[in-house]
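We just call them A, B and C in the order they show up, numbering each chain from 1.
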Amino acid sequence: MNPTHAAEQPARETPGPAIEPTEAPPALEVHDLTVAYRTQPVLWDVDVALPAGRLTAVVGPNGAGKSTLLKAVLGLVKPTTGWVKVFGAPYAEKRSWVGYVPQRESVDWDFPTSALDVVTMGLYGQVGWFRRPSRTHVATALECLDKLGIKDLAGRQISQLSGGQQQRVFLARALAQDARLYLMDEPFAGVDATTERAIFALLKELRREGRTVVAVHHDLPTVPEYFDSVVLLNMRLVASGPVATTFTQENLQQTYGGRLTTLSQAAEALLHRRPVDKK
Amino acid sequence: MSGPTLVVLAVGALVASSCAIVGTFLVLRRMALLGDAISHAVLPGIALAFMMTGSRAALPMVVGAGALGVVTVFLVEALHRSRRLKEDASIGVVFPALFAIGVILVSRYTSQVDLDIDCVLYGEIAYAPLDTISAFGRNLGPKALWVTGATLLVDLALVLLLYKELKMTSFDPALAAALGFSPVLVHYALMSAVSVTVVGAFESVGAILVVAMLVVPPAAAYLLVERLSAMIALAVGLGIAATGLGYAFARALDASIAGGIASAAGAIFVAAWIASPRHGVIVRVARNRALARRLDGELLLLHLKDRAAALPLDAVRRRFGWTGKKVGRVVAELESERLVTQDNGGLAITPEGARSLETAGTAPLAHSG
Amino acid sequence: MTEGGIVISYTLWNVLAGSTILGVTGGVLGCFTLLRRQSLLGDALAHAALPGVCVAFLLTGSKSPLPLLLGALAAGVAGSLLILSIVRWSRVKEDSAIGIILSVFFGLGIVLLTRIQQLPGGNQSGLDKFLFGQAASLVASDLAVMGTLSLAVLAAVVLLFKEWKLLAFDRTFGASLGYPMRGLEIGLTCLLVVVVVVGLQTVGVVLMVATLVTPAAAARQWTDRLSVMTVLSGAIGGISGASGAIASGLVSHLPTGPTIVLVASAMLVVSLLFAPNRGLLWAALRERRFTARIRRENLLKDVYLFGERGGGRFEFVSRPALMGERGLGGAEIERHSLPLLRAGLLERFGDALRLTPAGLVEAERLVRKHRLWEVYLTRRLELPPDHVHRDAEAMEHALSEAAVDDLDEMLGFPEVDPHGRRIPRREKAET
């Protein structure tokens, strides 16, 4: 698939992601993806292939289609054109290989359920229709809470958790899914410093186990610190590849359309060990 | 047209007009269901007024209803603010409880006289011409005309006096508060007007169908015009139309007039929903279709732009997964606009085509989505 | 039959059975509509059922429950689909869409109903039940249908509990797991229509929504677990149904439907006020206790500060002096000193107060918290010293011992606060 792609698109502005010389299909492959809601295109002709075992950040301004990209992978929105493949197959076939961590705001935290209960939901796929989660399932869920350092919050009702704790519950749920590819929507948003470190530690652990993480990320300065690769999205794909070569001032400017804020300039400076240019 | 028919139509038109005026704001403020709740919850107020005065005089009933309207709104807000209940649940527990109290009051304490539930619930406008009032020793005509006329005046007064306050608090309560208006006061004023309107309409169309007059014509108007003043005026017009049509419909079938009016309002709404020139379903579908075609064309242009050589039609079909027919259609449309040219080798983009892409959906979004 | 003097008639048994069944089923299913914020959808479906019932009658000519139920079901499903369509395919918002379907369908139903009245043999007193709920008219066959349907609904809830929980809590996540969320939603709506139809005969159109929402809302106040909430809601619903039926049977001119709703509403009020944790009275009490504790601790600290200012001699402090410290009234000081005196932290001589040795320990603990927090604010957050007192006043009551010890360690065991005052050391042994 990729060689044909390369031959037909000789004039791509950015080199494609470095494909490793293995036989394994990329963890995530998006081809010519266009998604339009009502009267607005949200994603436009996006082409990206992400190899397995990496931590990839998806960045771009508001409304750039980042969440939509994740939802398109999960089959939650229908593409106008194009397709998505996960480990070389359609998502529906590889469902158990993919774990999803939605945005924290997507859920009503006043719901009568405990942290442990939420994590157990991650195992429902294994529990199957009509059956109750078994004791083993609950034990697994407890373990996952432990890995995120919040085992003692298991019985707590979720509205009584802080933002960082809620995020950890979501991540524990993802862990319970034991997936090979994790799609995360703003996992670092609105969490305290301790939780941020815990999340990063988790990501490193996942990578060590050979799993793949694709995370929509809002905080530019931390992209080089936390992630190996980056996908720059503004409705169209601006660039995709390893952070070192892709997370450049030029690409960022193109993504964010106009002068970069001080923050992103600082991020770039950090990456390339240069003083900030006062442009 | 006979005298009684005229009276019925007049009463119906008056009810429709008052309901349309306050109902427009209910629809815009997303409080349609609070209006529904009030229309049921006023029952104990009416019952109490009846019990205390021993008569079906209009004024005590209006006062009783107004009071209950305020009580309803207050209770719903209090429950919601306590954060123990969400807003829809607050409404759903308050109005049935109040209605239940009303039914019990009526059953226990008024079973001898004819304040009966059926009438309150679905009224009977046909009796309006017969129910006349007299004062100063003279017959002043149908009571319903006086009552509904008075409620219309009240509603008009409210809207005229508080027009800009209502408008602002409907669209931006935070700004209104910051500017020194009190959204809370406006809210209670509106809800009191709704309560008064509702009880005024009870006699003719009954509680349940008042909701139809409050919500349906304004919703239809919402789909047809863009400005608030136009929306109110159109809602009134559509409400009156529903009255006329519904009356004719009901007479033809020899069925409930109130039910007929509600059904006619529904039919008007459906017509607006489907055929509205700006927001209707037909227009939407056509727009979506046009958009999809535009997107397809732009996608193809995009791929052509990046290429050095021409792209054979076959490759287009394979790449996009389009049927041969679709390929033909898209290409034909692009060709007609001179955005592509076709020769033996395949498709190629023209300079105009390349230029058109610059303004197309390929520009990065500058605003938040 | 007679039971202890009360005649329990056949009618009463039927009403009792019907009301209880409805109460339980409505309560259980109502939990899901409550959590999905669709409480008023039940109201709309109750109104929308009427034309369905009429059409079923017109088509089959029969007033037996089953075809009428099917008609109501069809109308209910049509109504909910229309609501969704209106919201999706126009700019009309959901509340207006619900109001439209509710009133227009009902209006159509009334037209049909009055038409049926004109037909020979179209005595619509049978259909009238569906409007206002005449529970007294329930017969055994009605109960059989109600019972069967309710059992089916409850069985469905048990079987698909976790699936519907997922639908209500995190629909997107459930979809990503592969569950057909659309199908589950439609299924839940169908169950809702069934319950509505079951309940129409007992409570009528207007009150139907209360049998769904009120018990569930009440149950929510008592528990944070959905499983418990569902069972509790069913119980509350069943109890209100039964009590309502009995009460209306015993007292004349007390219609069943409204009585059931009033009982349920009363149980809701009790739950809102008295449920532990969430209950409003508990919350108020907690608030009161917390404020009292703060006042007590402040008083203790004030006495200490007097002594500290006097060069470390902790002698009796007069009441006027204490009043001047914080601007409190004499009565307030009296009130807050009593528990301190009882606890042996203060001793008095006339109106004057003095720290006991135990009181000294306690006061130093408080002062330590306050001053450590001030150090933290000035050092770590770099706030100026004159800005930190207020914050520390608040924080000193909220910090736990463990947190303060951590703070002490993190700051390197400072000796003085930003104002140069000594920070009391941690007491090793407790008396």
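Worth pointing out:
Simple rule for what comes next: a contact is a pair of C-beta atoms (placed from the backbone, for glycine too) under 8 Å apart; a residue touches a chain by one contact, two chains touch by 3 or more.
Everything numeric in this text was worked out from a predicted model, so none of it was measured.
Taken as a contact graph, with one node per protein chain and an edge wherever two chains touch, the assembly is complete, since every chain touches every other chain. Nearest to the common centre of all protein CA atoms is the CA centroid of chain C. For chain C, the chain with the farthest CA centroid is A. Centres computed as Cα averages put chain B at a distance of 31 Å from chain C.
Inter-chain centre distance (chain A to chain B, centres taken as mean C-alpha positions): 41 Å. The centroid of the Cα atoms in chain A and the matching centroid in chain C are 36 Å apart. Shared interface positions of chain C, defined as residues touching 2 or more other chains, are 220. Interface residues of chain A facing chain B in the complex, by the touch rule stated above, are 8-12, 32, 34, 36, 38-42, 44-45, 61-65, 80-81, 234-236, 254-255, 257.
Residues of chain A touching chain C in their complex: 71, 74-76, 92, 95, 98, 100, 102, 106-108, 111-114, 117-118, 121, 124-125, 127, 129-130, 132-133, 157, 173.
Those residues of chain B that touch chain C in the shared complex are 27, 30-33, 35-36, 40, 79, 82, 84-86, 88-89, 91-93, 96-97, 99-101, 103-104, 107-108, 111, 117-118, 121-122, 208-209, 211-212, 214-216, 219, 222-223, 249-250, 253-256, 258-263, 265-266, 269, 273, 279-281, 284.
Interface of chain C with chain A (complex): residues 35, 159-160, 162-163, 165-166, 168-170, 172-179, 220, 223-226, 229.
Chain contact summary for the complex, chain B toward chain A: residues 287-288, 291-292, 295-296, 299, 302, 306-308, 315, 319-321, 361-362, 364-369.
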